[in-house]
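I've put the structures underneath this note.
Paired with chain B in one complex and with chain C in the other, chain A is shared by the two complexes that follow.
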Partner chain A sequence: MSSLSKPWLHIRLPVLESFRSYLNAPVLPREKKYLASLPVLIAGALSFQLLSGLVLSLFYNPADAFNSIQFIDRSVNYGWLIHAFHETGATMMFGAVYLGLLRSLWLRNYKAPGELVWFLSLAKFLLLLLIGYLGYVLADGAVSFWSLANAIAGAFSLSGVPGGIGVWFFGGPDGAGTLPRLAVFHAVLAVAILGILLLHQAARRGMEPTVARGVGLHPYYTSQIFVAFVVYALIFAVLVFFAPHFGENPLNRGPANPLVLPVTVTAPWYLLPLSNAGHVFAGVWGSLFAVVARIALLAALPWLDRSAPGNPPGFLHKFLVFVLALDVILICIWAVQAPSFIGGILLAFFTAYFFFHFLVLLPLTTLLEAR
Partner chain B sequence: MRRLIFAAFALACLAAPRAMAEDTLNPPHWQSEGIFGTYDKAALQRGFLVYQTVCAACHSANALHYRDLDGIGFSTEQIAALAAGVKLPTGPATLDDTFKNPYPDPQAAAAAFSGAVPPDLSTIAAARPKGTLYIFDLLTSYAAAPADLSLLPGHYYNTAFPGQQIAMPPPLKDGQVTYADGVNASATQEASDVAAFLTWAATPNLDSAKEIGLRAVLFLVFLAFIAIATKRKIWRETV
Partner chain C sequence: MAETIGEIVQETEVLVRRDFLKILNVAAGAVAVGAIAWPFIDALNPTRDALAIAQPIVDVSAVAANTALRFVWMGTPIYIRKLTPKQIADNQFVVTSTLPDPASYSDRVNPGYESFVVVIGLNTGTPCELLGNDPADPRGPFDGWTCPCDGSIYDPLGRLRSGPASKNLAIPKFTFLNDAQIQFG
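On to the complex of A and B.
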């Protein structure tokens, strides 16, 4: 009889029962911080991007991309609002992603046994960067047109496996077929990343210590996540209505012109920490090296960090992570300036410091603090 | 009614600078600037007159339809009359036509201006850093070229243009248009008005965005207080 006392749906869908126990099991530690809700916010932001992107894709025409966006902005009912949601949604999502990465560096939770969680968050970051870049070139503005043309020309000049991947990805020289192809990649990858988010969440939950007299996810942490969500939404609303093009190159809001190269070809802010490579490392191989090397450094963190597992981060470590964040911000600021002698030197210096931090400072300080 | 309340609120925020007869030219500024700034429809209509009389002779604005002009306060009858006065190759323009393109193709336009195609003006104010001010500066910064500079053929000296040499002849002069509202049509005033119009042309939804945005932000601030109070109440009950 006891099974009949359960709700109708729970008898027929037993997974709901385990979901409810997942929500209510009082096993979570009590002192989780607000920033621990970042992955949930990112998942929410991604769903929001999928929905607004779905609406945009109904009107977007990759064969006449710039004009179809003008049509969305001017002639579709509230098309301008959905477009602004999608654009600012990307800014907010990357804000959360970068904050999450910084938090991982700060807390050192990439150390064993957290490596898998760290790798999954890096995979999420990389895939988001690729999707963000594709969205940027889909706008087909005066700047992103040239960025795409350079990327394709670069991919075609490569030999071997990287060149093969580039040719397969772009399908052929920059032309009428390129944007329709990239629009499909933009959408499919955005759905595919949901899988990585689920894996990441499961791995994070696995890492969490279960405590005997803890609290349940609901209502304790759901109420905390709700506070974080409202603050996130508030920042989003301020940006979307009062600074809808935050961190973008204004030149990109004009139509593409295959005969006119803009003074500065700069990506949106969230691509800058990796895309400034062309200023520092010459050539296509150089740019590729710079991106791959930086990702490899992040992926090698569990081994570059020499501290013992469970060792709390010391003052020097925290200070250096703070300096690194400052360094990345300075890279972004100088990457969007018009090319100059001083700017080139500063960019090279800040980029060198990035490598110096991971290859020299981090192993040294963690060794020092481990003793 | 809600629009009225918002308008009253917006007006209250602007009341201080509006109390005296405002000089928007020294230093150049526009009513749409700032967090609560909304478009000055009178200036937009004056700017459209300048655009239609002067700019439209050489520049296209392909993203704009004549029907969009209801956004600057024209009635449908006014727009229909205005469009009927525009001769397209297919006959008089209608509400759903895009603004007339003065040249049949870019080559013809380039041939008329020493190889420089007059850019499309639909998004120009958004596509330049500080676009509104840039357009105003560009239109008011023609000057005699320094003695040591030999200009390219068919070019003019303009201190606001990147490179200082522009293929567009000085387009505005005093009294080039006659404003219906009696504002003195100095070249500076015309530049200010057409900059306001082109800003509207690039971001026609600015007023709606600010109106919705103010409500959204107020709502979310209240919601934030409620969320924090709820969270604290729930956590107080833990044992």
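On to the complex of A and C.
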């Protein structure tokens, strides 16, 4: 093929040629599941968050955060809609992230040779949690103000490396400089996570078995992704227009008051699976331990799972993953209730079950089923 | 033979239907993309309160003849001066070619509201705010404005008569809504 027969742009931008072969090369297996397009949906949701966040950042003023958000909601043209896009976008993105994590637990594709994909998806999850938390405190409502104040006080009370990192991150006691710094972190990390998404996608592509007579990404999988996107967009639209504050503590809609502590200081729903720890583990070290321990459990999955690579997941395993999902949902439900005796016991029980699943049930069942 | 024609008709129908679906989908997609993009684009437009500040309406009914109202708009002082019949008569028929920056009476006032002169009250040479809004201010030989910094002299229409400056006073963008109200912007 002479270079003259190529399109004008492709001669001048050779990278387009490799992009086209990436799209069209007929090497992918047929009939992948719809849920396999979740990472693409997450990338799309993140781009949408960046766009709506860009518009919000033009009007957001960290020195007068709560009032500037009121200004966005009331005065900026379509500001209420962009704000709802951003909030609901976070809900939808975390929905996709949690669904993807559950799918990984279910299919056990964290086992070798999928560990790197698993670690990258965990890194993505953790960064998104951090960005989500920062976005939550940027609202500067009655609840998130106290959440931030507690976090900073906690960081200052810790000794050693964890305290040093915390103090370094928040840059001093809760004051005039805190929210501007966190606003920049929120935005910069949100852009930086695009890099992790690209790495994750490349690692996933590397894991795909190459098929001799397969199908191309385009148009076979692009149309599948499009269908998944339409479903995603429908749910998104319903939430934006009918439940724009889904999963938030309604008390956070009031302005922050440093002298009044709200009845419940609870994060948005997507932070609850990790942030309920204060009820169960006492003290700052306890909360820190609970978060780090749960992340460590997820990261240790390739070794906690004793099954042989390529072993299909058995019925018992699937059932236990289902119970684990239920357990996490129950943790979230009980974490947002006002503190009570029963609630405390139930939360402790559900949290204990979470650890029990990963440390005892998972290794045992996978050993059993590997036989 | 009949079957072949029937097949051709069927295939054509399938094609027509597919074309129709394609057009329908692309059209609906374009509408959806536009509906999503519109709030993002419109959000960057100025808010209504910012526009209201940028396009203020000034009440000039209380401006007495031979005085001027001073009003700051977008950081520059605006002078709204009501002329006396004598000032109009003195300046109406000046031969424009004798002026440093030739402009006729009708160039400086709005038709129907000839007694009002609306100018930016900054000297066009050294940028100083002019004196002469109040009858007690130094107004110079033409009963207009003078510059306290470089001594330029303007007549009541805001035309330059003498001085280091070389231009007439600038006229801001405004419209008379009625006898009593001027909207800027």
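Remarks
Going forward, the second predicted complex is superposed on the first by the 370 of 371 C-alpha atoms of A that agree within 3 Å, B and C clash if a C-alpha of one lies under 4 Å from a C-alpha of the other, contacts with A are read in each partner's own complex, and residues count from 1 in each chain.
Simple rule for what comes next: a residue touches a chain if its C-beta (ideal position, glycine included) is under 8 Å from a C-beta of that chain, and two chains touch if they have at least 3 such contacts.
What you see is a predicted model; the values in this text were computed from it and never measured.
After superposition on chain A, the partners chain B and chain C are seen to fit next to each other with no clash.
In the superposed model, the angle subtended at the C-alpha centre of chain A by the C-alpha centres of chain B and chain C comes to 50 degrees, rounded to the nearest 10. In the superposed pair of complexes, A:L51 makes contact with chain C only, with no contact to chain B. In the superposed model, A:L81 lies in contact with both chain B and chain C.
Residue contacts after overlaying the shared chain place A:A112 against neither chain B nor chain C. Look at A:N67: by the touch rule set out above, it reaches chain B but stays clear of chain C. In the superposed three-chain model, the partner touching more residues of chain A is B, compared with the other of chain B and chain C.
Once you line the two complexes up on chain A, you'll see the smallest CA to CA distance from chain B to chain C is 7 Å. Contacts of chain A with chain B, set against its contacts with chain C after fitting on chain A, overlap at residues 75, 81.
Across the complex, chain A meets chain B through its residues 30, 67, 70, 73-75, 80-81, 84, 141-142, 215, 219-220, 223-224, 226-227, 229-231, 233-234, 237-238, 240-242, 244-245, 250-255, 263. Those residues of chain B lying in contact with chain A across their complex are 35, 62-65, 68, 119-120, 122-124, 126-129, 131, 162, 202, 204-205, 208-210, 212-214, 216-217, 220-221, 223-224, 227-228, 230-231, 234-235, 238.
Interface residues of chain A, counted against chain C in their complex, comprise 51-52, 55, 58, 75-79, 81-82. Taken together, the chain C residues at the contact with chain A in this complex read 38-40, 42-45, 47-49.
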